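Chains: A, B, C and D, in written order; residue numbering restarts at 1 for each.
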Amino acid sequence: MSAPVSVKDYENSAREKLPKSVWDYYSSGANNEQTLSDNCNAFSRYRLRPHVLNDVSKVNLGSSVLGTPIDFPVCIASTAMNKMAHPTGEIAVVKAAESMKIGYMQSTWATTSVEDITAAAPGAIRWLQLYIYKNREVTKQLVQRAERLGYQGIFLTVDTPILGKRYKDVKNNFSLPSHLSLENFKALDLKELHTVDGENGSGLAQMVAALIDPSLQWSDIAWLKTITSMPIVLKGIITGEMAKRAVKENVAGILVSNHGARQLDGVPATIDALREIVQAVDGKCEVYLDGGVRNGTDVIKAIAFGAKAVFIGRPVLWGLAHNGQEGVRHVLKMLREEFKTALQLMGCTSIEEL
Amino acid sequence: MSAPVSVKDYENSAREKLPKSVWDYYSSGANNEQTLSDNCNAFSRYRLRPHVLNDVSKVNLGSSVLGTPIDFPVCIASTAMNKMAHPTGEIAVVKAAESMKIGYMQSTWATTSVEDITAAAPGAIRWLQLYIYKNREVTKQLVQRAERLGYQGIFLTVDTPILGKRYKDVKNNFSLPSHLSLENFKALDLKELHTVDGENGSGLAQMVAALIDPSLQWSDIAWLKTITSMPIVLKGIITGEMAKRAVKENVAGILVSNHGARQLDGVPATIDALREIVQAVDGKCEVYLDGGVRNGTDVIKAIAFGAKAVFIGRPVLWGLAHNGQEGVRHVLKMLREEFKTALQLMGCTSIEEL
Amino acid sequence: MSAPVSVKDYENSAREKLPKSVWDYYSSGANNEQTLSDNCNAFSRYRLRPHVLNDVSKVNLGSSVLGTPIDFPVCIASTAMNKMAHPTGEIAVVKAAESMKIGYMQSTWATTSVEDITAAAPGAIRWLQLYIYKNREVTKQLVQRAERLGYQGIFLTVDTPILGKRYKDVKNNFSLPSHLSLENFKALDLKELHTVDGENGSGLAQMVAALIDPSLQWSDIAWLKTITSMPIVLKGIITGEMAKRAVKENVAGILVSNHGARQLDGVPATIDALREIVQAVDGKCEVYLDGGVRNGTDVIKAIAFGAKAVFIGRPVLWGLAHNGQEGVRHVLKMLREEFKTALQLMGCTSIEEL
Amino acid sequence: MSAPVSVKDYENSAREKLPKSVWDYYSSGANNEQTLSDNCNAFSRYRLRPHVLNDVSKVNLGSSVLGTPIDFPVCIASTAMNKMAHPTGEIAVVKAAESMKIGYMQSTWATTSVEDITAAAPGAIRWLQLYIYKNREVTKQLVQRAERLGYQGIFLTVDTPILGKRYKDVKNNFSLPSHLSLENFKALDLKELHTVDGENGSGLAQMVAALIDPSLQWSDIAWLKTITSMPIVLKGIITGEMAKRAVKENVAGILVSNHGARQLDGVPATIDALREIVQAVDGKCEVYLDGGVRNGTDVIKAIAFGAKAVFIGRPVLWGLAHNGQEGVRHVLKMLREEFKTALQLMGCTSIEEL
């Protein structure tokens, strides 16, 4: 294969390099994968209307998330268990993020601990994606460790009271390979984990059922605020109603997301939902988007509809699978360059002009 | 083939296991099969709008049909001649239904008699799908036998004055294999049957033409009420006008159905028709849906649009063909689990909240 | 191949049996063939809304064209040069039409003369499709011969001042095989024909350019009325504006047609155009449709939108290619049966109830 | 391969004949090539509504561009580096244009100089497509050379402050083969060119970045007018807003274009944009279209929506690749003939009647 020049190329490379069950876990979506393809295809329903004959010799690609400046408006979404893609796992990803001066959202289920992440890339903008556990003490410890390590925000995932139905994981009896572990919990005693057999259907779904709190509700945001002073972003809002509800809780931001179409198949594509959410929020908190972002014009569309930044999940995994940190970095560089090109061709010199 | 984990997997298994003419009979639809694919595809035209951060730790999946509680809102639609799929035929199906605590609608053209069904699964919720015969005496006997055996309702099929044009059956000269028989009529002398040669085109279409009364009309519902006190559901309503007309006859329910797209090609997909029918009925009787239901989110959509339950036809046949009662039971279990997952991900704890 | 049970089967058979250049000529459309596929696909944009529980034990399929009763509302559209499909050519077709009691529209460019047609099927309902020649004397003779032979109407083709661009015919240097001739003109001296070399591009297009009058205009209808008292139908109207204009000329009927998508690619599908035309005509003349009719539900849709009858072109050629008169007859019988089935399933006992 | 009879045939021939990297450069579009396919497909969203029974025996295909009559409304769009398609390159193209009496727009990046073009086809209608260089002196010299040679207009490309992202060129490290050169600049000393290495990604993109002025703005049109008295057309307008803005600068014309979908993927198809632009311009300058024109009915649609002429890019390259001048000429002849046919079948005798 020749050197990859697009996210698509990295995806093709990853498909070849990864063991089937890992590829399936990373690439698949819930049920019929209707929303999975829609997340990508929906971008093509919108048309760009460029301005011509503007001086675009100097452009500023910067944006900010939760008050922290980023070099261009593409950050890294939390994806679980990165060491399955490449032995360097999350370390490679966070270092790539650090070098590109964009933000890194670490998964609760990383195969690297918050401590090791921080040690590897102390200058990186780090946020913690959070699943709230039945065991609130475990949750609290994790959040507070992150805060002490300089994490700058919590992305609370709200679309996962239980795991979505992913046929391929069920078929593969998918669970984390035995030589890896969810490092954030290594020190903790999670007795619920012992109920997971991992031999019958999706081990991951069983783990979620055993550990994650399906009774999570709006009032828990207040509780979360009692244990941390980091700003809270809700990850997984996909309608205007829910966005309005979130604003009432004084959250710092909303990440318009359907979890990469891995939870409830049939929900709207994120770019389709974005506008109603931006309207509903009416400037009362920041809005971001993830899901299906694959090139620079996708970024343009999300920003033009009111997102402050977009997050990418799978493209990072494809870069990582291809050749570790270098691959992730190249994916980010390509997106940066494509975004810059598209911005200039739109006749804009900064994201405010979009 | 690995163990099936979705209805689609069962369909693929059945395609391999069944003799071609049986597969064709079970799977095909009328004419160009436009409505056949539309029945399934139409579900993807609707988007789910989940509520997040609701406590979904405890959910109640139950619904009811004609006043009888069911464990979750998926019941079994009448399909003719199940012994072609598996030697255990209808017995396997009704037992699966019994064990899952959902309703079983037996076809007039079952290859097992109402008596044998009842003996095998006395605790099952049983309804009789009815074709009204030219020979009204035959009709009356069948209905009254069912009522005596504890059947709890009649699903009167209204979309089949004659059989739809199914090219594959014509090509295969399809008729019931000679070692099987329509057990409900074994004792009765149906002289019309002798006019069927079964060598020229669809033997089934000829049987329908010989036996079924094409002069059936609205006034016959009154007649039906004179011979049974079971509640009557009209099966095969696909427009709001007809639903309004049905309400005038004081029927107990309407099953929005296009007979699995096997009668008149070009009619609406059932999920497309459901809303106008629910509106037309305006709560005056129960409304159900069948046609194209293949996973948990399909069920969610139908229930959200006002159906009390959905019925499945082919998925049951695929499970039966794969491995008898166990297959049917697994199909039902999968749909139960998928429905539960989808309900929770919608942020709902019961079907009333949809 | 097993015995054909649908028009599609006949099409597949014809594709195999016919020489490539003949298949290409018969099957192809103009330019990109956008309208060709649209003619068929457009039918699936409309949904049937059946009435149930009507007595459909007795149905009357009959309609009429120009006052002449036909047994069911499907007639035969003019297609040129039928002997390329089968040696029996037009004779087989007209005999099939006669036996089915529906109308036969003979092409000006038949490979059988009006005299021979009439001799073979004196009881057939015959109409003459007319191209008006630059040589008006030739035109007049043909019309008057037909009238004397008992032809009952003229279908004046108005969409062919020149021939449409059909790439395949150009590529094949298509022209009539030398052992066949346009029998209606055998006796006449058409000196323009000598300008056609038939070696360079579509010989047919050259013939049209040489013979057909591209200056034909509305006022010529008055001239046509001076030479015949047969009723005149305009074949090739595809917009409401033109239909209104036609009504002003007191034509007896309008055949909504785009010449089987062989003239101007990009015009509307006929079923899409039908409704605006029926509305524009407002009952002032009869309206028919041809183009893309392939099964009984297509007929239902056209009749429901106001056509008195539909005409079929290619399906007749496919039947003819398969096995002559028998094939044509079977195509007609299938369409009759499918139409009957669909009518009954619509809950109607005659075309008036549609 | 048999002799080509359509633009599609020429495209297929070119795909076979050209080296892969040249084919890729000529055929590809930006990013996902969404707009590339849309440019062609969009034409099929519009329906033609022919008039029948008009005398079309005599038709006038002529139009004019910037006051110069053309024989039919199809001209040649600027495409860079034609000698890669065929050794005769631009000379073949301009001679074909001359012989067909339509206009030729020469690319700034031609592999033949304006002098050689003029010498080869002194009778041709010639316009110069202009990229404005950072080095304004170079720009000025080129414009003034063209004007002295009898060029009749400037098509100022406004959609290329930088080059679009074309994955295939990046992958191929595409740049001009070493035996060819951009002849218009041979005499000039373009020191910026030395910064281009052509070994890493798209050499063309690097050349554009080095040479073309990304600070080009509306006020530069005034500057352009100070150095030439040729009329100025803006090439690359795709929205009504920009068209209105252009009118303010008193340009002579607007070429609705998205650069053959090679610059910003996701912009509207040109035929979709045309109408809003014609409306915005409101007759204050001429409007033309390029992008996706592949047959006579495409031309009809653009003219009917208000364009005075259309331009073709790739079809010319396909003809050139097939067999030089003869191929280009045949492509033009086919389009002329197809346009004539379509015009007659529309019932029109000139473009004014469309």
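Brief remarks on what is shown
Basically, contacts are C-beta pairs under 8 Å (C-beta built on N, C-alpha and C of every residue); 3 or more make two chains touch, one makes a residue touch a chain.
Since the model is a prediction, treat every value here as computed from it, not as a measurement.
By the document's definition of touch, chain B and chain C have no common neighbour.
Residue numbering shows that chain C and chain D use the same positions for less than half of their mutual interface.
Using CA-based centroids throughout, the chain positioned farthest away from chain B is D.
Remark: chain C and chain D have CA centroids separated by 43 Å (rounded to whole angstrom).
A straight line joining the Cα centres of chain A and chain C is 60 Å long. In chain D, no residue touches at least two other chains. By the definition given earlier, chain contacts exist for A-B, A-D, B-C, C-D. Interface residues of chain C, counted against chain D in their complex, comprise 31-32, 34, 158-159, 161-162, 164-165, 167, 170-171, 201, 213-218, 220-221, 234, 236-239, 241-242, 245, 263-268.
Interface residues of chain A facing chain D in the complex, by the touch rule stated above, are 2-3, 5-6, 9, 43-44, 46-57, 295-297, 300-301, 337-338, 341-342, 344-347.
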